[in-house]
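I've put the structures underneath this note.
Look at the two complexes coming up: subunit A is in both, with subunit B in one and subunit C in the other.
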Partner chain A sequence: MLIVFVASFSAFSQGKFIDKNAFTSFYSSTPMEDILGESNEVLTILDSSNGEIVFQALMTTFHFKRALMEEHFNENYMESTKFPKAKFKGTIEGFKKEMLTAPVANIKITGVLNVHGVDKTITVPGTIGTDGGKLVATSKFKVTPEDYGIVIPSLVRDKVGKEMEITVKATYLPYGQ
Partner chain B sequence: MKKLHTIFAGLILLMLVGKAYSQDLDALLNAETKPTIDYATATFKASRIINGHSIEQMKKRQLDFRISHRFGVLNDGAYGLYGLDHSVIHFSLEYGVTDWLMLGVGRGSLNKTYDSFAKFRLLRQSSGAKSMPVSLSYLTSVELNSMKFTDPIRTNYFSSRLTYVSQLLIARKFNDNFSFQLTPTYIHRNLTKTELDKNDIFALGAGARYKLSKRLSLNAEYYYTYNPNAKYLDTRYYNSASVGIDIETGGHVFQIMLTNSQGMREGTFIPQTTDNWFDKGIHLGFNISRVFSFQKDNY
Partner chain C sequence: MKIKYAIILVLIVIVVGAGIGLKMFFKPHADVNMLDAEFKLEATKLLDEFQKEENTATAKYSEKVLEINGKLVAKNKLPNGTNLLILEDEMAGISCQLDSSWSAANTSVILALETGNPITVKGVCKGYLMEIKVSPAIVVTK
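After this line comes the complex of A and B, so read on.
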């Protein structure tokens, strides 16, 4: 019985890759103002057995050039005390284990993005592969704040872009190391 | 029988492990999520509740340019455009040297006052991994009255025109909408108007805000003075009481208020408020705050 337990437990974390300090930014540009928020504390785990991938970002880890922007981001838009995390859980389309060891190549990921308490299924482009002996993944895609129930008042409408460009960069290590 | 037990227990264990396995990415994510310290932010919208300081201060490399007006009393009537003919102005530059230290300098037209202050953040309200029920800051300021010295009997020393203020700011954000602050205050005036007035003034301020919407809040502020100035000829002194709203528009905060004080610095509005809410002594006023960032990289 013990053997069964140990065997299942090792299977549990085997083949998982993790990055606790993945980079995520969002950017919007209008003639009035550029907005750039960056976090280096995004947590992501990749399951090499089935191509499942999760990202989790704490809203308060995003930082801005202007302290006021950061305050407004948390207070007025993301409502970080109510919705402290954003999360994405998806699967790499047509996943094969070899994709992780091959040179970096384009992929598509489909999954559910949860921001501001709203779930939305999205398919985003990205890359994955081994670069310089490290497993790396990136993605760049656009989201519309209104899709996640984030209201931009007309007063600042010309300062905040209609779409936010999200950039994600992760460098994975085998889980448990 | 014993064998059956073992199989049964084994099955349960397998089920448990199986369950964990099917949702393991989420389980791993939760296991890797470290408890965070959640600091209360934006307890108030601006660095002033109305007249007095709030617990808020500029963060590192952020400069706040503030312009404030207090108009004459409303009961000037139409002749004085309800007080708008008699405005006093105060403007100041206030800078976050670090996240815990803000320095400011200002000039007010009432008594031609120059002032400077330092505000130190001592404790931050937080929950989560570290719990702290209140935020605490210390404010110290000096005000210089630069009006021409008119008393022919006394020698005019520079020091006699100075007023010192010390305040503890104790604030708590109870929820997203409601915040409350207590402000014990000690004011020392080197020279008072008459010998009947105390050089040392003790006061307790209380201020609160309630958010009406994300960009609009209702504020109230009251300063109770324990040893107010004595009644002098026809001048009486009152506690400072104010109500106002904060309107936030991106980089600006507009504060519009009704108050019985015309002074905009602690040394003035706490001991020297001479108008009475219940005797047509209400002033309309506003503060405008514009924040500039000198931060090069992302904060």
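After this line comes the complex of A and C, so read on.
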């Protein structure tokens, strides 16, 4: 009985968790109009053995209210043909397996964010834990486009917010060994 | 007289320019239902191309309209209400997010879809992230 319990617990705690349709948005407030891009197709995998967390997004899956914004985002700023993906690989600070089964709590994640082909180490706040029987994680942080070599023409520079707010929401499912 | 004509000409240029500018600014998203597929192919062939040479396949298919024949293996709904169809393999297949306005007008078509059956979808290929992402997409009924 105990052996079965221990075996099933370790299978749970050592597995990987996946969400192929994590939500990610980025938002920038401008005097003219708010810019909001959203994707429901972000891939994320969480390794419960070491607290490592990976995100990958295809830039072309970000959807904007206006077709023109989407065009500018992909062609002028992100250069999606040259850099089709954004990636983040990081570790939850002070990770313990119990964090995954406990109620949602605040965490910090440190890792490397790659956007537009540029790597930058960042530490971002987030949450992780079990809510309604599901393992959920969220994060909200700000990035500056210039840090990633994204050039915004001076003509529109003051119209686009200095920083972009990134929001991430994932609901994980166990993923085969 | 000449000045009057010049003023009228300048006004016409401004109005036309503003019109073009506004039209560009408010340009609607492409309606995938109306677009012709640039490639018509089998789901297994598309997966094979992406799994063998991701970069080549991305350059070839990204942002192109594809019509794909395959086997429906999953029909899900995302938290925001988007209908999601998965072809061939639930983990590493082709993930198609249905266009929201098409979905609203074709609820009976979506309801009638059964997993295990062959299906044809048309949509914009976005690339490869463990699975091929297609969005927005519609179901082609024959």
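What we mean here is this: the second predicted complex is superposed on the first by the 162 of 177 C-alpha atoms of A that agree within 3 Å, B and C clash if a C-alpha of one lies under 4 Å from a C-alpha of the other, contacts with A are read in each partner's own complex, and residues count from 1 in each chain.
Basically, a contact is a pair of C-beta atoms (placed from the backbone, for glycine too) under 8 Å apart; a residue touches a chain by one contact, two chains touch by 3 or more.
Every value quoted in this text rests on a predicted model; they were computed, and no experiment measured them.
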Kindly say whether there is room for both subunit B and subunit C on subunit A in the superposition, answering fit or clash.
-> clash
First (subunit B), second (subunit C), both or neither touched by A:155 | first
Looking at the overlay, what does A:144 touch: subunit B (first), subunit C (second), both, or neither?
-> neither
Which partner does A:52 contact after superposing on A: first (subunit B), second (subunit C), both, neither?
-> first
After lining up the shared chain so the two structures overlap, which partner does A:43 touch, if you call subunit B first and subunit C second: first, second, both or neither?
-> both
First (subunit B), second (subunit C), both or neither: which does A:75 touch?
-> first
Per residue count on subunit A, the busier partner among subunit B and subunit C is B
Of the two partner chains, subunit B (first) and subunit C (second), which one does A:67 touch, if any: first, second, both, or neither?
-> both
With the two structures laid over each other on chain A, which partner does A:23 touch: subunit B (first), subunit C (second), both, or neither?
-> second
In the superposed arrangement, what residues of subunit A touch both subunit B and subunit C?
-> 20, 43, 56, 58, 60, 66-68, 70, 81, 84, 175
Which positions of subunit A touch subunit B when the two form their complex?
-> 1, 4-5, 8-9, 11-13, 16, 18, 20, 36-38, 43, 45, 47, 52, 54, 56, 58, 60, 63-68, 70-72, 74-76, 79, 81-82, 84, 89, 153, 155-156, 159, 175
Residue numbers on subunit A that touch subunit C, as the complex places them = 20-21, 23, 40-41, 43, 56-58, 60-61, 66-68, 70, 81, 84-85, 171, 175-176
Which positions of subunit B touch subunit A when the two form their complex?
-> 6, 9-10, 13-14, 17-18, 20-21, 24-26, 28-29, 32-33, 36, 38, 41-42, 58-60, 62, 96, 176, 214-215, 249-251, 291, 293, 295-299
Of subunit C, residues touching subunit A in the complex = 24-30, 58-59, 62-63, 78-80, 82, 84, 91, 95, 97, 126-131, 133, 135
